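The structures come next, written out as structure tokens.
Below are two complexes that have chain A in common, paired first with chain B and then with chain C.
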Partner chain A sequence: MSTNGSPILEVRDLHKSFEQKAGPLLPARAVKAVAGVDLRLYPGETLGLAGESGCGKSTLAKMIMGLTTPSSGEIVFKGTPLQMLSSNSLADFRKTVQMVFQDPFASLNPRMRIGEIIAEPMNIHRIAPATEIRERVARLMQMVGISPELYDRYPHEFSGGQRQRIGIARAIAVSPQAIIADEPLSALDISIQAQIINLLQELQQSLKLAYLLISHDLSVIRHMSDRVAIMYLGKIVEEGESEEIFTRCLHPYTEALLAAIPGEGGQRRKPKSGEMLANGSGCPFLGRCPYAGEICRQAAPRLEEKLHGHSAACHFSKDIFLTG
Partner chain B sequence: MLNRQLRQIDTSYFYRVIWKRFRSNRFAICGAMVVITLFILSFLAPYVTPYSPDDLDAYHVLLPPSSAHWLGTDELGRDVLTRIIYGARISLKVGFVSVGIAAAIGTVAGLFAGYYGGWIDQLLMRFVDIMLCFPTFFLMLAVIAMLEPSIWYIMIIIGLTGWMGVARLIRAEVLTLRERDFVLAARSIGASDTRIIFLHILPNAISPVIVTATLGVAGAILTESALSFLGIGVQPPVPSWGNMLTSGKDYLEFAWWLSLFPGLAILITVIAYNLVGEGLRDALDPRTQI
Partner chain C sequence: MTPLPSTNKAEIPLLQVRDLTVQFPSAKSEQFKAVDGLSLSLGHGETLALVGESGCGKSATALAIMRLTRKPGIITGGEVLLEGRSLLELPEKELQLLRGGTYSMIFQEPMTSLNPVLKAGFQVTEGIVRHKKISRKEAEREAVRLLEQVGIPSPRERYHAYPHQLSGGMKQRVMIAMALACRPKLLIADEPTTALDVTIQAEILELIDRLKSELEMSLILITHNLGIVAERADMTMVMYAGRVMETAPTATLLANPLHPYTRGLLASLPQNSPPHTRLPTISGGDSCNGWDGNGCPFSPRCPGSDGPCRTARPDLVEAETGHMVSCWKAPRP
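Moving on to the complex of A and B:
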């Protein structure tokens, strides 16, 4: 599944830091939200991106969508970096890669009818004559399970789950190949979450979509993903096939995340609570790691392939997790 | 059939909610009634009064209020009520045209400053600061002293010096709207800046403009009255509430009705617009969003 032709999207050594200007009392400093991320999204697959809040997941999603400019590094779409795309290819990128947002109450314009909201991408890209668009909207609404008769309603007349369906209909309106879903479930009730997961999976089947699924909920990630990347303080610390990660993790942070899933990983060691050390030359996970040794203080580990198709950024992966 | 009816009700949803909130505010309704009455009176002026505002009548000079002349007559024998009704036309015209100019300039400036940020924002907002420091009333006096006094100049000048509040309000709205998910969604589907500004941001930022504009009408009416009172606004014999006060002040000791009634007209109109404006502010307040 993981090598299904060439990637739709490739993220190369992406960085984003937010500058804080020097004030009268404070020195200038930069907060690194994303600190060197490499990712590839292949056609038809689901890549799960997990990590705690504030680790840079959403910033990464926004950079991929071109909503935030990276500090350095590049996002490559079908072989061309985003900033080098001509306006034609940029329109192609906008059609190929779409986004589903976290908060279904904020992501729909309250002053537009839902039919207009779903039709907007088609109007912008002029993919159908005006007379046909209404018909297409009706079909899209059916696909996501909203009655087409509700075309003229406003977003506030819908529940959270229904609004998320409308947001999904808007995303698939221009027949994209990839959807970046930034926490698409976290604003919804558990029962609704299951429905949306099913909808996303159905659509993936019928439309051959690739998902970059961003979530802090590992059970959702496990359920939906083919491959998983674990992010910590702006870096990918572990990446591999989904089952690999969940059965044989190679990084203490992943272990800690897994230990936090209720009903799973009972015997796994819990991490120490402690400072998040973003600065210095050592491993960023040092302060919270139960296994840290001398080398962790001196050098930050790089993301390396430890097993076939399974990488981790830890000096002790092999010693701790593979020799048992 | 039922379906169509439902649909029509739904399309007017926002207006229904706003109307419901507005209606529950008794002061705002009183204000709205005064404003509507003024509109009707000034449009139908020739039909509601038997006199003409320019009819001189040397035999009925400075008559106190009576059944023939409800609010008395002035020093040239003209009916005061008639002149107040015709004066309302001027006031409404000044109020709406000048506020229309101010709202248009302010909205555009605020949208650009808020949406593009950076040096455009800096430039526009420093210009707003400068304009706010300017003693606008003296600017008007100076401009009108150079040009001839005319109602059109007055309206334009009031408009050109009154847009800063709207610009600041719109800018603040745009700054928050710009980061909202539905705007990011529009950008991520490839919408142009123009489309985002006019389709996604403006409709959601318009409420404060409506409120400020309504309050601005009251301010514009006051400014016009003041200019006319000083003799550089609307020129006699065209009646305006301001120049009626001017001619009335010479007869204050023995013909109080000449000053009192135009003054009351100004007072009531300004209060009415302020009440309507505040009612709209409460009704449109996004913090009590449905």
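Moving on to the complex of A and C:
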């Protein structure tokens, strides 16, 4: 287990609902984007978070980064909840936890030179005297594989893969311990994806970074993660060590995701087609579940440890374990 | 002219494309060739996969076959024969009878390809009324039947739904119903699942497979996902910088890739390496960056390129039966 020491980041029973205002035809209602998530990110590990669009992955990332306020629950940084942090420790938190975004075209200011983009966080956190910054930027550019001579260029002069490298250089500029990477590869071509995966892995080794890697692509998650959490409709439905999840999954939704990987479908049971519905008291996956029984209609299963270090939220994990 | 890969079944292929070239005006050179002398041939009931990265000319090829190339792009050469009829020379009126009738296309983004102010069912009916000599009432009944066939629950109600009331997967099903309304002989699917969620992707691909065998259609499947290709394409064609790099029966191509670009693509997939290891990569940036227009377009990124690769364009030659490669270093018979 890579879960050594105490977690850098911990998320406890986090909720976020968005109010949908009443329209001419619809009454007001709350959409639960994140509905009670617990996660821990330990130093140096990669935690993969997988799930489909709308499952709450990105909302979770935004809450961790403080870009959205949670409805309830807490985010704990090195043992202290964020609300309790002093302004000094909050600055430390913002330095220690950085983010890499999905869209390398939208996440870089088009009016800044790339050197300035990479230098900006160091200036904000007053990491180094102004005279040293340029040298540090050059070193960072080298680390991510961009020639330091390109300091004065603008983002539009770079391809998608190079921009993602610039975004990564900006994230590591303030020597963080954890990086939240929200779909960092999905906007890139296949041959470029592999380059960025390698870069992220190298940086993790040399800088001892922890990653919370958010992706819908399970082959990427499997390649990079030590532990994996699967999210469905705002909840974690399965969590465990990466190889465990991929060889012995215990939740029908994970099974459906695995069955959807071309060439790996095999004998896994595919879900029924249907809409995602999160109403009532039963299991949220009920409508699509090939295993569902009476109990699933009555009670939503809780996330429980089923095998050593491997949790799932399903009443029929045993059956899935046997068929999968 | 390079020889075409042999196809089985019918003697005259359903679709033949020869030396197709599509150009766009460009600031750097006088003309940018999005498609550069592409030839392909597709038999009845066959599936051909067009694979490559963004900007390699996959979609430009599809649009040119549909004769939907948008300005300022123009088709500057080659021919497209559908059942022996030359599509590029047909007057627009006659072409409209074929388009949506004999052959049709589904697009990458179901979100933007449907008209947002018209009901989903109406958009399906529209095509049927246009191509079949039946009354509006009958066409509507046919549309409901099609919506049911593509797996839309309660099709009668969904007929009256507007696109924004449907999920992405449902919208793509409506697109498929529209494309299949007149039982086309050829369907071109341009990244039909890229905008969709993983589990929905699998459903849509299964739907296309099922309908393909029910209707005995031929299919051109455009994708950047090599995993999708492995399971359903008879032939696979790998494109780079508007040109065909390699084409072969899919199993052959995956088992014995001969072009360094194809090899690089397959090797760089995370599922082909053990977890946490370094992935083999193709050096260089996005397609055709750093290529000066001479020789092989892949030469600046190719690990094995040398003198001739930079100066002379390699032809597409048959390396083994049915396996064509455009590379100076590939084995030659």
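FYI, the second predicted complex is superposed on the first by the 315 of 324 C-alpha atoms of A that agree within 3 Å, B and C clash if a C-alpha of one lies under 4 Å from a C-alpha of the other, contacts with A are read in each partner's own complex, and residues count from 1 in each chain.
Methods note: a residue touches a chain if its C-beta (ideal position, glycine included) is under 8 Å from a C-beta of that chain, and two chains touch if they have at least 3 such contacts.
The shown structure was predicted, so the numbers you read here are calculated from the model rather than taken from an experiment.
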{"item": "Chain C versus chain B on the shared chain A, clash or fit after superposition", "value": "fit"}
{"item": "First, second, both or neither for A:59, with chain B first and chain C second", "value": "neither"}
{"item": "Contacts of A:317 with chain B and chain C, given as first, second, both or neither", "value": "neither"}
{"item": "From chain A, separation angle of chain B and chain C (C-alpha centres, steps of 10 degrees)", "value": "80"}
{"item": "Chain B versus chain C as contact partner of A:254, first or second or both or neither", "value": "neither"}
{"item": "First, second, both or neither for A:222, with chain B first and chain C second", "value": "second"}
{"item": "Which of chain B and chain C A:177 touches, first, second, both or neither", "value": "neither"}
{"item": "Touching partner for A:101 - first (chain B), second (chain C), both, neither", "value": "first"}
{"item": "Which superposed partner A:164 touches (first chain B, second chain C, both, neither)", "value": "neither"}
{"item": "Nearest Cα pair across chain B and chain C, whole Å", "value": "13"}
{"item": "Chain C-facing residues of chain A, complex", "value": "52-53, 159-162, 189-195, 197-198, 201, 216, 218-220, 222-225, 242-243, 256-257, 259-265, 270-271, 273-275"}
{"item": "Footprint of chain A on chain C - complex, ascending", "value": "53-54, 151, 153, 167, 197-203, 205, 224-228, 230-231, 264-265, 268-271, 273, 275-276, 278-282, 285-287, 289"}
{"item": "Contacting residues of chain B [partner chain A, same complex]", "value": "3, 7, 10-11, 13-14, 180-182, 184-192, 195, 199-200, 203-204, 289-290"}
{"item": "Complex contact set, residues of chain A against chain B", "value": "62, 65-67, 90-91, 94-95, 98-99, 101-103, 106-113, 120-121, 124-125, 149, 152-154, 156-157, 167, 170, 174"}
